[in-house]
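Should a chain be cited, it is by its letter among A, B, C, D and E, assigned in written order, with residues numbered from 1 in that chain.
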Amino acid sequence: MEHVMTAIRVVPLDSYLVLSFLLFSIGMVGALVRRNVIIVIMCLELMLNSVNLLLVAFSAYHSDPGAQIMVFFIMLVAAAEVTVGLSILVLMKRNTDSVDMNILNRLKW
Amino acid sequence: MLYLFYFFAAISVIAALVVVSARSPINSAIALVVCFLSIAGHYILLNAQFLAMVHVIVYTGAILILMLFVIMLLNMNMMIEVQKPAITKILAVITGGLFFLVLLAATKQGLSTPVPATFDPGVGLVKSIGIALFRDYLLPFELSSVLFLSATAGAIMLAKKDNSPNVNRPPSSEPNGNAA
Amino acid sequence: MVKLDLLAILVPALPLLGVFITGFGRRKLSAYAAGGIATAMVALSFIASLILFLGHDGQTHIVHLFSWIHVGAMDIPFAFQIDALSLWMMLVVTGIGTLIHLYSIGYMHDDPRVATFFAQLNLFSFSMLLLVMGANFLVTFIGWEGVGMCSYLLIGFWYTTPAFNYAGRKAFVMNRIGDVGMLLAMALMFYQFGTLNYVDVMQQGGLMASGNPLIVTATLLLFLGATGKSAQLPLLTWLPDAMAGPTPVSALIHAATMVTAGVFLVVRSSVLYELAPYTQDIVLWVGVATALFGATVGLFQNDIKKVLAYSTVSQLGYMFAALGTGDYGNGMFHVTTHAFFKALLFLAAGSVIHALGGEQDIRKMGGLKGVTKTTYVTFLIATLAICGIPPLSGFFSKDGILASTFAANPVAYAVLVFAAMLTAFYMFRLLFLTFFGTYRGTAHPHESPKVMTVPLVVLAILSAIGGLLNIPHIFGGHSWLNTFLASAADGIGMHPLELSAGTEWTLMAISTALVLLTIWYAWSLFCKKTTLDGEPADMPFLKRLIAKRWMLDELYAWLFEKPFGWISKHFFSIGEEKIAVPLTAGTGKATLGFGEWLRKVQTGNSSFYLFAMMVGVVVLLILTYFSA
Amino acid sequence: MSALILISVLGVLVLYLGLFAKKSWLAPVGILGLLGAIALFYTGWHINHPLLGGMVVFDRFSIGFNIGMAIITVLIFLFGPDYYARKEHHVAEQYALMLFALVGGFILTSYSSLLMLFLGIEILSIPLYILAGAKKHSLRSNEASFKYFLLGAFSTAFLLMGIALLYGITGSFHLDALAAHMTQSGGSDLMLNFGLFFVVTGLAFKVGAVPFHFWVPDVYQGSPTLVMTFMATVVKMAGFAAFFRFIDMTGMPDALARIMVLLTIATLLVGNVIALKQTNFKRLMAYSSVSHSGFLLLALLSDHGLEAGHGMAVGHTLLYYTFTYSLATIGLLILFTIAKRANNGAEHNNIFQGLFAAKPWLALCALAMFLSLAGIPLTAGFVAKYQVFLLAIGAGWLKVMLFGVLMALLGIYYYIMVVREVFVRPAHTVTFVVSPLNWLVISLCAVGVLVLGVWPALI
Amino acid sequence: MEVLALILIPFLAGLLLLIARPAAMARGIALVSTLLSLAVVFWLWYTWTGVAVTGISHDWVPAWGMRFVLGYGGIGLLMLILTGVLFPFIIGTGYKQPVGDPVLVNALLLFCQSALFGVFLAQNAFLFYIFFELTLLPIFFLLLKWGGEHKRAITVRFFLYTLLGGLALLFSIAYVTLQTPLPHSADFSVLAALHLPMHVQMWLFWTMFLAFAIKMPIFPFHSWQPETYTMAPTQGTMVLSAVMGKMGLYGIVVFLFAIVPEGAQYWSSWVIGLSLFGALYAAVIAFRQNDFKRMVAYSSMSHFGLMCAALFTWNAYGISGTMYQTFAHGVLMVCLFYIVGAVSQRTGSNDFASMGGLKTKMPRFALLFMFVVGNAIALPLTQSFPGEWLMYNGLWQWNNWTAFAGVLLIVLGAIYMLYAYQRVMLGPDRNIAVTDADDEEHTFLVPLILIFMLVGLFPNVILHLVDGPVQHLLNSFTSLP
């Protein structure tokens, strides 16, 4: 059993942190620079996944299933969110014939 | 192990960058699949087999397929996305970069994580997850049904086409209360 | 005691009653009824005063009515003080007052608001009596302000003429400037002595060292009040303007009684003044300067009442000069005699004006002695009296003052003698131009009715024999008035004249001779031939300067009115309209503008929202990084 | 716990009713169920122990909030029949979604694990994303829905990042573990602070604190009024309850406190200042909601610095504040709907013109509610603000509080501007049609804010 | 019980008006109600024994020190008398100079009276604050609905400005309440026993003073006042200047002096300087005004400046004088604004240009006006004089030069008041069609004139009320360490 632990801990936790942060940042920048709603949703998924990765890494280091459960729930929620998001997108496309997220800017000031 | 980590890390980062920068939504979606798969690889590296499976099923199997479906449904690939001005992009990258830098700097200070002495290699397996899920995390599990129910009901409600006469009402006909 | 209390209350109460009767009945009472009632009230008051006077035992009686203002350690009673000084003033006020009320019945009977006039005149009498009877400064101050108010009302009695209203306001405001001094003096004295009762203040003040700065300040402030009320330099310009009022008002208020309130106040506080030689000097020189000022300006005035007004100013200067030398007795004596002859002069002038149907310009008079005989004779007596021709009353009082002044300061004496000569000159100029020569006007002169001439005659008699009240030792008299008044306050009799009889005779001779000389000169100018002055614009510089009152009004306008107007205007246009209001409204506008600007941040653009949130996160994250 | 199940089942039931097109039954059933839930909560008043593996804890704080939210939901449901009178489609879904969201709200008030926090927020939010877009053919509703979803998902990512970091440090999602860690190692750890900060970001988004407020005005304005009412009331209550639970457990280390101060000041400033120039009533109410968040944040802030034992005071204040704020908001938004209908769908502030002339009682009710929002004495809003000020002073946040006082003044301005309209006689005649139920709810709300203002001890 | 009646009578009467809406009898009902409260006030006065009375004491929200305590000391009683005496007149103004709907106007006025009674009866700081702010609401609506030109903007500005002060006061109350020992209490008696450290008093003073300074107003917090007074309907202006401004002075005495005595002492020279400057400033400006009402507004501000300055002299004369003067000033302002209203009602404008020479047509009115002018310029034997005299004494004892500045006001006051009188009444008849004072106006003004003449003659009736409390205040201060 020890070897699993050593195997896991060969990669320092910090590396996972950095990777996760990097993915998170990329996802974030992506959400900022793109105007296509579906790509923005993808970027959001990317951000969620970076968190998942981080949680799993922590879970492995803490040897605690809690975080993995959390990841599980995050996946559920992400799925639900994507469903809702896509339905909104469909509605939007139907109403405006566009998926440009800045086309909807009638509510302001 | 370390090399594997770097391998997956590199793939996921590159794929993520492609997601962000690809012109076509389809390409983005495919890059996202790649990214998620590499993340699944990380999960396996971290001894979380169950999650890795769920991840692949949920993300690549469900979510991404859904997205592709929508992309095709809406015929999105044909549309040319309006690009944001360069200055916006640069600012976004700078902000994101700063964000990353700050987190990186914090990482350098280290994480005061108390690493437990005991280690249970079966943590990531279905059994332990299952036990935890249905014992300790029963409530959230049950509640997630509410979440799903509402998401489903809502999605249907929104996406369903009503036979209402004023579909695609021209935007200008709506009274704008904001006029001042 | 009860009798004294009752009488003391009656003295002011009767005119007050008159106010109510004539005031409330002003629409129902006929002119004669209103005048009769008002006159009767004052006459009754005079009788009451007379009874008090006759029964006076030389003691100071305090008639305590009720506690007026009581706060903490301050207990100011509403009380009257009956002593020689107040009794004497009461007699003068009610006595002269009765005559003038009587005269007014005739003078005012055509006026539609005659009852109002009498009500106000009665109110004045009431106030004046409060002034002289008050047992403490504050009660005096009631009267002090009351007479000011009545003066304002009566000057502006014919309110449809804006100039009259202006004169009234001017009088009141100038008096108020004096009152600043009075109020401050009272505050100071209260602070120092813890009381304002004359008796206590004088007693405690008397214990203090001479020249004590507190006393000097207090007396100076009091004197400021006195200058306002008694039209001394620098607060004198209101008095000539006050001639806008009906002539009886000029006689009563602006000649006989109210304007002497300042003198009264100084005499009341003589104890304090005695301890403040510095103030006394100032009083002396202010008096002297005012005497000279009034006399010079009087030289070239063409309005009959204006001449008399400046003469009043000048005579008041004499009184203050006397007070400045410490000769309170003669000061009060001059108050009395001046009340006689100046009231007479005004009433006679009123009679002339009445005779000419309202004409006041002496250039349009002349030759009236044949038409208005009584008026002429009485006017002549008064003129002689004011010029100090023996043995008329003015001679004694003025001579007493000159003697005291000589003893105190020969320069002041010289100035006062010069002023006396000027007095003789302008008074005889007035007399000659009015009554001698040929009539230059267009109206049809006629003698006034009895109700007006009787008071003239009475006053003429008083002017003639008034000197008997205070015949000095060299004439074998006993200075009765001085002695009488001395019982009222310690200060009054403190300075017995220390001149030799020879000196006194010499002084008398000099002044009389000079005055006679001047009269001759005036005769040669105005009676032998008639020299009329033109408008000030045509005069040579000095004469013009004098005729225009030494430009004092202009000076004040330039010094005070203009700056005040300027300040007022700019306080409003800058302080209020440019700063205060815009600042408040501007703060609101700025906030609203800020809101307007800030709401633009809400662009409605989802990407921007994401970006803004992101920036927020990053900024706060960096802050966390540095603060943790 | 049983109340939670009841409401969930109730939601399903309502959905089914919708299937059978029993539109008129929806609200009554919903209200009955809610009343039942209130009763159930009430019976649990004295139970104060963690349930179900420590995922939730129903203590007085959460039960108080839950009952409050349920009451508010009842009031909103009372508004429903009139609001949905002319709508045929998807009415049942909307009621059901509100009930589901309410379940999320219940979790937020009582979570003791960060997992539950996350789940609660999502259960609360996802129905709302949909509800905001319930007017499917309205571009604005669509836009609101989209913006809410986009920004909400974005902030969820931050929340999750925070939870992950906190988990990484403490090794547990449990709040107690977090609290234990905080007391043990103090609050100087950088990663810990980042974790706290990210979680706070997520919560701040939910309550609409600046700079995470951008969705608030747009979403409020675009959503159907009834949904907006729900967002402005129940969601805010739940959000602050969650916020408080989190803040109270962490004890707010200094770095976090500093961030909170900035959030508070920014929220107060932006909310109030922008509201000054709003002419669209819904948008005005949205900014007012932001500004009230500012005051509530001030209350939260004073959790740091108060002596021990005052935590409950903060909780009480939050409950009182949000509840009374909700009362006033519901009443006013119902009135707004009435006025909007009377003015052919206009949303400008001046649609209230003529209300006093036509319906004096309702105008007075409006007055009471506006004054309550503005914080004028003898209304509940005043007492609420006063409590906040007391707390802030007690905790030593004098300067922040003075700033809050100034901003309260601005707040008075924009409410008064609308009040002014209520008493103006319009140029043309306006007919206000008020259904009895709406009249009842408005009166209840107005009387409620007055009664609670005079007897604050009732809550 | 009587104290509760004082608050309830006007409140219930106002409610009755709102519910029954008896358009014809509205003024009558309001008048009867105010007379009833006046009777209660007189009863309180009659039974007054010189010791502070606590009428009602009830817990409210104990956790924050909120208690429902009503009572009054001498100063409070004076204020009650002021409110009680003036309100019948203010209501009565409506008979001759009606504004708008009598039901609403009178109801609002009655609510205002109720709140004002509350302010003067409250013995708990929190309660005080609540009433303090509640007074504002009826006035707000009165101004908003029946104001003159630019009413909406000005009313809002006024409302916000005063609320700014109110919020500062609220802050102070919250702060000091938390400084009391547990259990917290905001009762005046408890707060007065606080000895806050000097550095706290130094700043706390300003947050408290701000509220009262805006209320009166004191320079430089006055900019709302002239435009508001000018714009407000006559009754509103009366309430604002005659009664509501007094809340500021009252608050300073019972609140500020009691809680931050050392702070007040420390800043007294600043306050006196500001107040006196403001008094002179307003007096000078008043002279220049072309609008009658605005002139009276500035004169009111001038008077307030003097009162506030005298209050901060910290001696019996200054404080008693000010307290006395609150009453005098109230009566005066009601008279003056009534006259302004009556004259402008006849000439159709507040502008002096439309007046002048009215005395010929309205001699009786001119006489009444003259009396009021006499009071305004503080002639002795009118009500204003003893107050001003005491205030000058107070100032003198504090510093001679401030007394000088204060006394200058009697000159300036005479200048602008007499000038105004002249511009309104005197001068040649300009053939403006006006009628003389009628019986209603007589019934209104004559009692007021009688009041101010009688009180001027016997000021002790008022002074005795405040003498004891003021001495107590001073003693308690001197006994501080």
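Just so it is clear, a residue touches a chain if its C-beta (ideal position, glycine included) is under 8 Å from a C-beta of that chain, and two chains touch if they have at least 3 such contacts.
What you see is a predicted model, and the numbers here were worked out from it, not measured in a lab.
Participant: Going only through chains that touch each other, what is the minimum step count from chain A to chain E?
Facilitator: Minimum step count, chain A to chain E: 2.
Participant: If each step moves to a chain the current one touches, what is the fewest number of steps from chain B to chain E?
Facilitator: Minimum step count, chain B to chain E: 2.
Participant: Taking each chain's centre as the average of its Cα atoms, which is closest to the average over all protein Cα atoms shown?
Facilitator: That would be chain E.
Participant: Which chain is most remote from chain A in terms of Cα centres?
Facilitator: Using the mean of the C-alpha atoms as each chain's centre, the farthest one from chain A is C.
Participant: With contacts counted as C-beta pairs, which pair of chains has the highest total?
Facilitator: Comparing chain pairs, contacts are most numerous for A-B.
Participant: Whole-Å distance, chain B centre to chain D centre, using C-alpha means?
Facilitator: Between these chains, centre-to-centre, one finds 28 Å.
Participant: In whole angstrom, how far does the Cα centroid of chain A sit from the Cα centroid of chain C?
Facilitator: Inter-chain centre distance comes to 97 Å.
Participant: Just the number, please: Cα centre separation of chain C and chain E in whole Å.
Facilitator: 37
Participant: In whole angstrom, how far does the Cα centroid of chain B sit from the Cα centroid of chain C?
Facilitator: Measuring from centre to centre gives 100 Å for this pair.
Participant: Where in chain E do residues touch at least two different other chains?
Facilitator: Within chain E, the residues that touch at least two other chains are 160.
Participant: Would you pick out the residues of chain D that each touch at least 2 other chains?
Facilitator: In chain D, 115, 119, 122, 126, 129-130, 133, 136-137, 139-140, 145-147, 150, 154, 168, 171, 189-190, 194, 217-218, 221, 283 touch at least two other chains.
Participant: Listing for chain C: what residues touch at least two other chains?
Facilitator: If we look for residues of chain C contacting two or more partner chains, we find 599, 602, 604, 606-607, 610-611, 614-615, 617, 621, 625.
Participant: Following the definition at the start, I'd like every touching pair of chains, please.
Facilitator: In this structure, the chains touch in these pairs: A-B, A-C, A-D, B-C, B-D, C-D, C-E, D-E.
Participant: Per the contact definition, I'd like the list of chain C residues that touch chain A in the complex.
Facilitator: Touch list, chain C to chain A: 599-600, 602-607, 610-611, 614.
Participant: Write out the stretch or stretches of chain C touching chain D in their complex.
Facilitator: Contact set of chain C toward chain D: 591-592, 594-596, 598-599, 602, 604, 606, 609-610, 612-613, 615-617, 620-621, 623-625, 627-628.
Participant: Inside the complex, what are the residues of chain A that reach chain C?
Facilitator: Chain A reaches chain C through residues 28, 31-32, 35, 101-102, 104-109.
Participant: Please output the residues of chain D touching chain C within their complex, sorted ascending.
Facilitator: Touching chain C from chain D are residues 146-147, 150-151, 154-155, 158, 187-190, 193-194, 197, 201, 205, 210-212, 214-215, 217-218, 253-256, 258-259, 262-263, 270, 273-278, 410.
Participant: Would you mind writing out the residues of chain D in touch with chain E in their complex?
Facilitator: 313, 371, 376-378, 382-383, 386-387, 389-390, 393-394, 398, 401-402, 405-406, 408-409, 412-413, 416-417, 420, 423, 456-457
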